[in-house]
Amino acid sequence: MNTDIQLDAHGQLRHLLTTEGLPKSLLERILDTAESLVPEVGAPPKKVPLLRGKTVFNLFFENSTRTRTTFELAAKRLSADVINMDVATSSRAKGEDDLDTLFTLQAMGADIFVVRHPENGAAAHFAAHAAPHVAIINAGDGSHAHPTQGLLDVFTIRRHRPDFENLKIAIVGDVAHSRVAHSTIHALRTLGTTDIRVIGPERFLPPAPGALGVTATTDIRAGLADADIVMGLRIQRERIEGDALAGVADYHHDFGLTPANLAHASKTALIMHPGPINRGVEITAEVAYSDQSLILEQVRNGIGIRMAVMAMIAGQTRGGSPDAP
Amino acid sequence: MNTDIQLDAHGQLRHLLTTEGLPKSLLERILDTAESLVPEVGAPPKKVPLLRGKTVFNLFFENSTRTRTTFELAAKRLSADVINMDVATSSRAKGEDDLDTLFTLQAMGADIFVVRHPENGAAAHFAAHAAPHVAIINAGDGSHAHPTQGLLDVFTIRRHRPDFENLKIAIVGDVAHSRVAHSTIHALRTLGTTDIRVIGPERFLPPAPGALGVTATTDIRAGLADADIVMGLRIQRERIEGDALAGVADYHHDFGLTPANLAHASKTALIMHPGPINRGVEITAEVAYSDQSLILEQVRNGIGIRMAVMAMIAGQTRGGSPDAP
Amino acid sequence: MNTDIQLDAHGQLRHLLTTEGLPKSLLERILDTAESLVPEVGAPPKKVPLLRGKTVFNLFFENSTRTRTTFELAAKRLSADVINMDVATSSRAKGEDDLDTLFTLQAMGADIFVVRHPENGAAAHFAAHAAPHVAIINAGDGSHAHPTQGLLDVFTIRRHRPDFENLKIAIVGDVAHSRVAHSTIHALRTLGTTDIRVIGPERFLPPAPGALGVTATTDIRAGLADADIVMGLRIQRERIEGDALAGVADYHHDFGLTPANLAHASKTALIMHPGPINRGVEITAEVAYSDQSLILEQVRNGIGIRMAVMAMIAGQTRGGSPDAP
């Protein structure tokens, strides 16, 4: 799929489809913009009316109240008008084609579509057909990409371990099917990280780790050795075959972020997880809410990242609504 | 049903229930008001705070994300507070009577109810019982009326073919069950159009075409002859009996807006459709997105028409919320 | 469960979990604040931007469009950003623990959570774990409490029968399972009412009426004798066993608020009901919309009470969003 279209002719952010291939300078500009939008711990969230008069559609072809909420909050804190559309339960049920939906909604005067879709490449497909003044933000397409999650991950890491080139990071879970892991890995590599290990049972490992720029192992001891950051992934039972797990207990023992397993990582290792966590499956509550956990900070930073992306994109559009598809 | 109540004692718009019987001067005033609210192609949507402090309830007893969205956007662009209520899945399931819902919600301080309901006359029923300062806008009641759609259709036609008295218009589809067709036909006749042909299989034709002010035919060649405007209707499979269609392919061949069928219309005929389209059923994508298609312009104009109706109605109410039913 | 935590160290409202034990002075302050926020009959609703920049989450683990709407309207009229989350159909289905949901959402920058939950004590559980600057408002937890409903009931009574100490009130219905009745009874007793009768079939009567501060009877004649206020409760068919009612007709005859039964109350008795009513079950439409009915006034007052509670709570928080659970 063609994701070059996420930049305009001047190299500015036009759509956000993937972190793969996003130039380092642009990626860092997103992180810097987010720095100004994330509140201090304990401080109220920032309200910045950069999107006043703009209309943001949360166009979800796949249900996710939590992700939808992060974009809805980010847009409202930028003073946009926000429309939530759960397409699975509405016109789609009547057979309306996805592009017809896009054309129709942009004729209503949309500026930004936040799109979640079960198929890889759906966001790029929308972007390829969107009107000149309409932008697409990928909020997760199949197992391909979830770029705002990848950006908030590296944003969170940068606040605590800014030396990306000497960072050792371990990602534990179903990396093969994880759009989160893919987006985080691409962003880390752009920032210079070379020591990225992915850990999980054989069937969860990416088919071509080298091409992805990671090393893969089924041995959590080896994988976690000296790791500065340990990131667990949510087990998406619905994304894998029925018998893919020998059992939750086995997975928890072998690959869970438990005190026992984490003993193999650096003593100062920081813990991350995209949420929502499955307590007792890929992580324990004790670990998730420990002093070394960044999980809730990831959530907080995620609002700022989404505000930054929307604000930067809106700066490149003029908010119009031409009809022509 | 009594729809005279849509005008107040001074002939101003009090509710919007149907285009049938709406005086020509008032209908034209709605279109003129909408002209000031529809943006130029490519320009950002207009925001006009005429409903600041007002509360609009989208009260949908029948699911339609798309129609609900058009009213939600229109209300937000007028700075109203908007509450979406899908009654089918909430209190209605508990057996709450429709009027109890109306009385309860107007006690909360509603100004305008946008009502969609599966039964003919439901909006008029609400209007007959609404408090003095509460207005009802019919967003579709059974097969009776969908007046904002009718208004946006004539608004769109006026921008391209303003000579209504010499207009030849063909409407193809299930006119008998179409609230859209009824509302559009009534509006066209008020504006002076006399040559309105409705085309479809026998069971889709209105039982008394003459009373409706149209001619009816099952022959698309005859029906389209020299037509200036060809309007397709969405096939509502759920509104017709299971065996009503010999088959989608037959319907598409005999009555679809295809290049072959459209060869019988005027070479400069403009194409309309209320959306969402069923590609390959009542229309082809090629026709829907051709240069002669007004379909996406209809969508864009629909926001302006809904803003105009809300703004004109709000000028006749004082936004109060008396309790008495 | 520990509900003392609803007050802060200075005795100010920190959360609202129950009316039980709420000090009389604080309860009266809520009613006084609401007086300034409820519009006159026929006047437009009041907009007061006391919550500008604050974020209110309607976190509903149990479906109730009507109750959610009252809080959504109240928050919007205070200029808050409002996010609706129906947890039953989203992350909960994926097994996310309730506290994880709380921690995640407060990391997004929530100020107030309006929580409805099927389990007794759920709101107190959230409050016990909420961050220092986050407040919980109980919108109904199991059969335990629904404090804003109790407050709006006594607010409505105070406007018409302010002499609480000499008030005779009869509550008819399933008091044993009614969170509404519990919250109203506690508020009435705090205000000095001693003559509270609860009326219903044996299985609907509270197990320990004395402890609750009421008298219980299965005889509606005796229960209604000389009552100043008669409050009916909605029959929650889903809250009781399948065979709990001999039948709707029998219940209506024996315990319905009908003209026949109400002949036993004071001729000037006022009628109340938390809504939505079941016409022909616990009340007749004739009674519900009679001159002596306060039912729609309760709805109107409910918005003002919810605005008052949110405004008073927001005065005690600083709107921050620390991550630590």
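Labels A, B and C are assigned to the chains in the order they are written; within every chain, residues are numbered from 1.
Keep this in mind: contacts are C-beta pairs under 8 Å (C-beta built on N, C-alpha and C of every residue); 3 or more make two chains touch, one makes a residue touch a chain.
No experiment lies behind these values; they were computed from the predicted model shown.
Superposition on CA atoms relates chain A and chain C by a rotation of 120 degrees, given as a multiple of 5. In summary, the pair chain B and chain C forms a contact in which the copies contribute largely different residue numbers, shared numbers making up under half of all those used. Computed centre separation for the pair chain B/chain C is 40 angstrom, with centres defined by C-alpha atoms. Within chain A, not a single residue touches two or more of the remaining chains.
Per the touch definition, chain B reaches chain A in the complex via residues 39, 41-45, 47, 63-66, 69-70, 72-73, 76-77, 275-279, 285, 288-289, 296-297, 299-300, 302-303.
On the chain B side of its complex with chain C, the touching residues are 53-55, 81, 83, 85-87, 89-91, 94-97, 100-101, 103-105, 107-109, 111, 132-133, 318-325.
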